[in-house]
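Right after this note come the structures.
Okay, so subunit A shows up in both of these, paired with subunit B first and subunit C after.
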Partner chain A sequence: MTAEVLLLQLANGLSFGVIFALIASGITLMWGIMDFINMAHGDLYMLGAYGVWLALVAGIGSFWLALPLAVAGVLAIGLLLRFTVLRPVFGRAPLQTLLATYGIGLILQQAVLAIFGPFSKEIPLPIAGQVTLGPLRYPTYRLVVIVIGLVLIVAAWLVIQRSTYGIWIRAVAQDRTMTAALGVPVPRVYTVVFGLGSALAGIGGALAAPLFGIGPTIGADIILLAFIVVMIGGLGNYVGSVVGGVLIGEVIALGAIWLRPTEAYLVALGLLLVLLLLRPQGLLRGAR
Partner chain B sequence: MSAARLGRAALLLGGLALLGGLPWWAGAYATLAVTAALALGLFALSYDLVLGVSGLVSVSHATLFGVGAYGMAIGMTRLEAGFWPSVLLGIGAAAALAWVIGFFAVRTSGPGFIIMTVIFAHAVESIANVWTSLTGGENGIILDVSRISLVAGLDVRFTAGSVPAYYVVLASLVLAVVLCRRLVDSRLGLILRGISGNELRALALGHRVGAYKVLVNVIAGALAGLAGMLYGLSQGFVSVDLLRVLLSVEVIVWTILGGPGTLIGPVLAAVLMSLGVDYLRSLTHQYLFAVGAVTPLVVLVVPAGLGDLIDRLPGRAARRARP
Partner chain C sequence: MLRVSDLHVFYGPSHVLWGVSLDVAAGAVVALLGRNGVGKSTTLKAIIGLVPARQGRVELRTAEGWRDLTPLPPWERAALGIGYVPEDRRIFPHLTVRENLRVGLDRLGLPPRARQQALERAFDLFPALPALLERQGRVLSGGQQQMLALARVLVLSPRIILLDEPSQGLSPMLADSVLDAVARLGREGIAVLLVEQNAVAALEVCARAYLMDKGTVARGTTADALRADRAALERTLGVTADDLRGAR
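On to the complex of A and B.
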């Protein structure tokens, strides 16, 4: 193994990592703010990937036009779920949200399977060439994914830290009853968080589509890694999910040099188990 | 003996008589289907110890069910061990994995327990899907059940769909219900119910809550492993479908519908619902839509079980309100 391969995989790890972080941050926010375990989150990611593919097949010429369309579609589906089936589930025990969201995820998966079939789809890389970064020639699209991912992660963080909704979000996470008593529209905060999480998962799926391929079960595959990331970062901790995402991305990418994908997943799981022995609360402390 | 107790005893005896005579009044196919459903009933019974009695939400119970079945299947085919050593291997594998999952899950706080079980369940399913040389993947491992003699001298043959197979599963289930009832009434059961009722209080009383949570997961895991083996034996093969997260979610639904903590309720719900899903599967390939729709519905409509729903029916509410 040369230093070049190592550098390449480190860069790949960063591109995986931002995608994992986009998904995991939604899960962690939904838990931290409204005690909501979203088992359907991976399926929103899957819908993001299918959305891009569908838009391209339908004749939208450019990936960069298909991407916002797909994300808007996932956001619409997420909000539709939030206002219909999931509406009575908010505020209930984790067991109940888990079952409700699992059932919805299963229906989404089966619907995609019934409509588009079991075979995986592929879309070409939106940007073909490579760029030279010092000693490394790196695929431009992956670099773009890293940049977009990092920008979104920082933007979402700024929203949480600086905007009025962000202040409300953090207040609801700390004390829901008191926040509601002070006049903050808690249901609207839920809508914003659920929408933000859904959109981030959709963007993650759309960006990952040209890299990882598209199939009905990609959501179920990614949810394992997303949950590992969330636990590593500390459940409910936004920055933790980003750090955990990048860490697991690097583990998977470096693991790929020697291991098959499932074996690399197991290394990620092993990392979580070791961390649980040393720091049961996660890398960074959870929201509460 | 009050009239209610007499009625319940009559119901129980009637039900047992009906089940006991089933191979005579039902066809071979129905016997096979009910054998499998009863094994799933045993599986639901074991899960009720976790969810109903101890109040723990685990999403990895089918993982233990499947690992138990695979432990036995691998022992019998790949390792060419005898039948009983393979059974021990299966139960041991399920109990060991239950300990590992429990050990790591109790180290986390809040819903971390649930998420750790989700992670383990997904991880084992991924491994089983990929490691096809060991598991046989979707095709599974075929068990040559016709060669299994349960008792050396008596030579009771265990064949898929046979009458002896049916009675072995039924007897295991009845025995397990009695044993679980005794466990719930024992000192250990009291502590587990105490943890379920108020974890902080149980902790303050000096009970090692974490250790008890792991213990109940191991006991229930061993029982789930046994159920998985009986299911595999009744079908004649073991496949990756037995350890899917989907089955873990289904057993939660059965337990909630049947009434968590009632032991017999989840068994009945599991038997009836798995027979129902079996029937649906024979009608359409899209039966998973129904499973996906029922899961949220259960949460929204009957979060405390069908028994509670009956109690809430108009006219009965007044009766319950009386002290």
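On to the complex of A and C.
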């Protein structure tokens, strides 16, 4: 193995990791703040990928125009779910939320399967070509994914740290009743969290679409791993979910140097299980 | 300005409030007294809307006349001018003091100057707070938490504050200064409904008092009349004549 291969896989791990982080951060916010276990979250990621594909097929000429359209679509679907079928589920026991959202996820997958068929779709890389980074020649689009992903992660973090809704989100996570008694409309905070999480998952799916292909089960494939990432990062811990997401991306990418992809996946899962045993409260604790 | 009538509250199957009725006039400091477990804290929670009323009403006098709050969620009641300071203060442990203050204040959407004035009104009452703004809630002492809990509702310019056991767990000196602050709120025209274990101290700062017993209001009277009625004090609160003399 050469240093170039190692660098290449580190960069690949990062591009996979930021997409992971975009999904996991939404899950951790919903779970930590609303006690809402959203098993359908991966399917919003899947819809983001289908969204760009659909927009391109429908004649939107540029991926960079299709992307915001797809994200807007996923955001609209996420909010629609929040105000309709998910509305009676908020505040219920975890098992009920889990089953209800799992069911919604299945419906979304089956709907996509029924409409678009079982075969995976492909879209061309929006940016061909490679850039030279020191000793490394790296696909430009992957680099762009890393940059966009990191910018979004930092932007969402700033929103949570600085903005009014960010303070409300953290306040609700710490003491929901007291936040309500101070005049904060808690359901509206839930809507913002749900919208933010849905949009991040949609962006993740849209960015990943040219790299990993598009199929009805891409969300379901990623959701369990994303939940473990959330546990590793510490429930409700935004930074933890980002660190966990990047970590899992790197493990899978580095594992692929020596192992077959499924084996690398197994190694990643095994590592996560060991981490969970060693630190059941998550890597970073209490930094909600 | 606040009127509670025939309020019934259940915790699961157990009936804890049996028709509580009371009035608080604008700018009045009113004490709600009684032994442990008679439903004082539950009454405050039912007024802000944290526990649902099975029967009865909570009404607030607004510019448009009496408004029935009973169907409203807590945040709408707070927006109408009710501040709630719970027994255990409930400071957000992982927010800074500044962020704790912002939780309610940001909801008002004030222009910067009015916002600064709201903060300064609270700092005026608790001059120690500005030095603590960047501290996390969880590192504050009990007295600092109590100041912050009060300041957190004061910045909202409430018309009435529901104050649950403000002196609990504080040293006698701190407890005194908190009760002084309560008296000052009354003078500034903010009504206070005060639940206090220390009945003698509470009677010092309030004009009226309600005695609660077994989930109902047994009696409502002026503080002076209650202080003079030793039999009632001893029966419902366990306060003796010696306690009253000690307070003078």
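Heads up, the rule we're going with is that the second predicted complex is superposed on the first by the 285 of 288 C-alpha atoms of A that agree within 3 Å, B and C clash if a C-alpha of one lies under 4 Å from a C-alpha of the other, contacts with A are read in each partner's own complex, and residues count from 1 in each chain.
Note that in this section a contact is a pair of C-beta atoms (placed from the backbone, for glycine too) under 8 Å apart; a residue touches a chain by one contact, two chains touch by 3 or more.
This structure is a prediction, so every number in the text was calculated from the model and none was measured.
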{"item": "Touched partner set for A:89, first subunit B, second subunit C, both or neither", "value": "first"}
{"item": "Which superposed partner A:31 touches (first subunit B, second subunit C, both, neither)", "value": "first"}
{"item": "Touching partner for A:10 - first (subunit B), second (subunit C), both, neither", "value": "neither"}
{"item": "Partner chain in contact with A:178 - subunit B first, subunit C second, else both or neither", "value": "second"}
{"item": "Broader residue contact with subunit A after superposition on the shared chain, subunit B or subunit C", "value": "B"}
{"item": "Residues on subunit A lying within both footprints (that of subunit B and that of subunit C)", "value": "286, 288"}
{"item": "Subunit C residues within the subunit A interface of the complex", "value": "48-50, 73-76, 78-79, 84, 86, 90, 92-95, 99, 102-104, 106-108, 152-153, 156"}
{"item": "In the complex with subunit A, residue positions of subunit B that touch it", "value": "51, 57, 59, 104, 107-112, 114-116, 118-119, 122-123, 126-127, 130-131, 245-246, 249, 252-253, 256, 286, 288-289, 291-300, 303"}
{"item": "Subunit B partner contacts - residues on subunit A that touch it in the complex", "value": "31, 35, 37, 39, 85, 88-89, 92, 94-96, 98-107, 110-111, 114, 220-221, 223-224, 227-228, 230-231, 235, 260, 262, 265-266, 269, 272-273, 276-277, 280-281, 286, 288"}
{"item": "Subunit C-touching residues of subunit A, taken from the complex the two chains share", "value": "164, 167-168, 170-171, 174-175, 177-186, 286-288"}
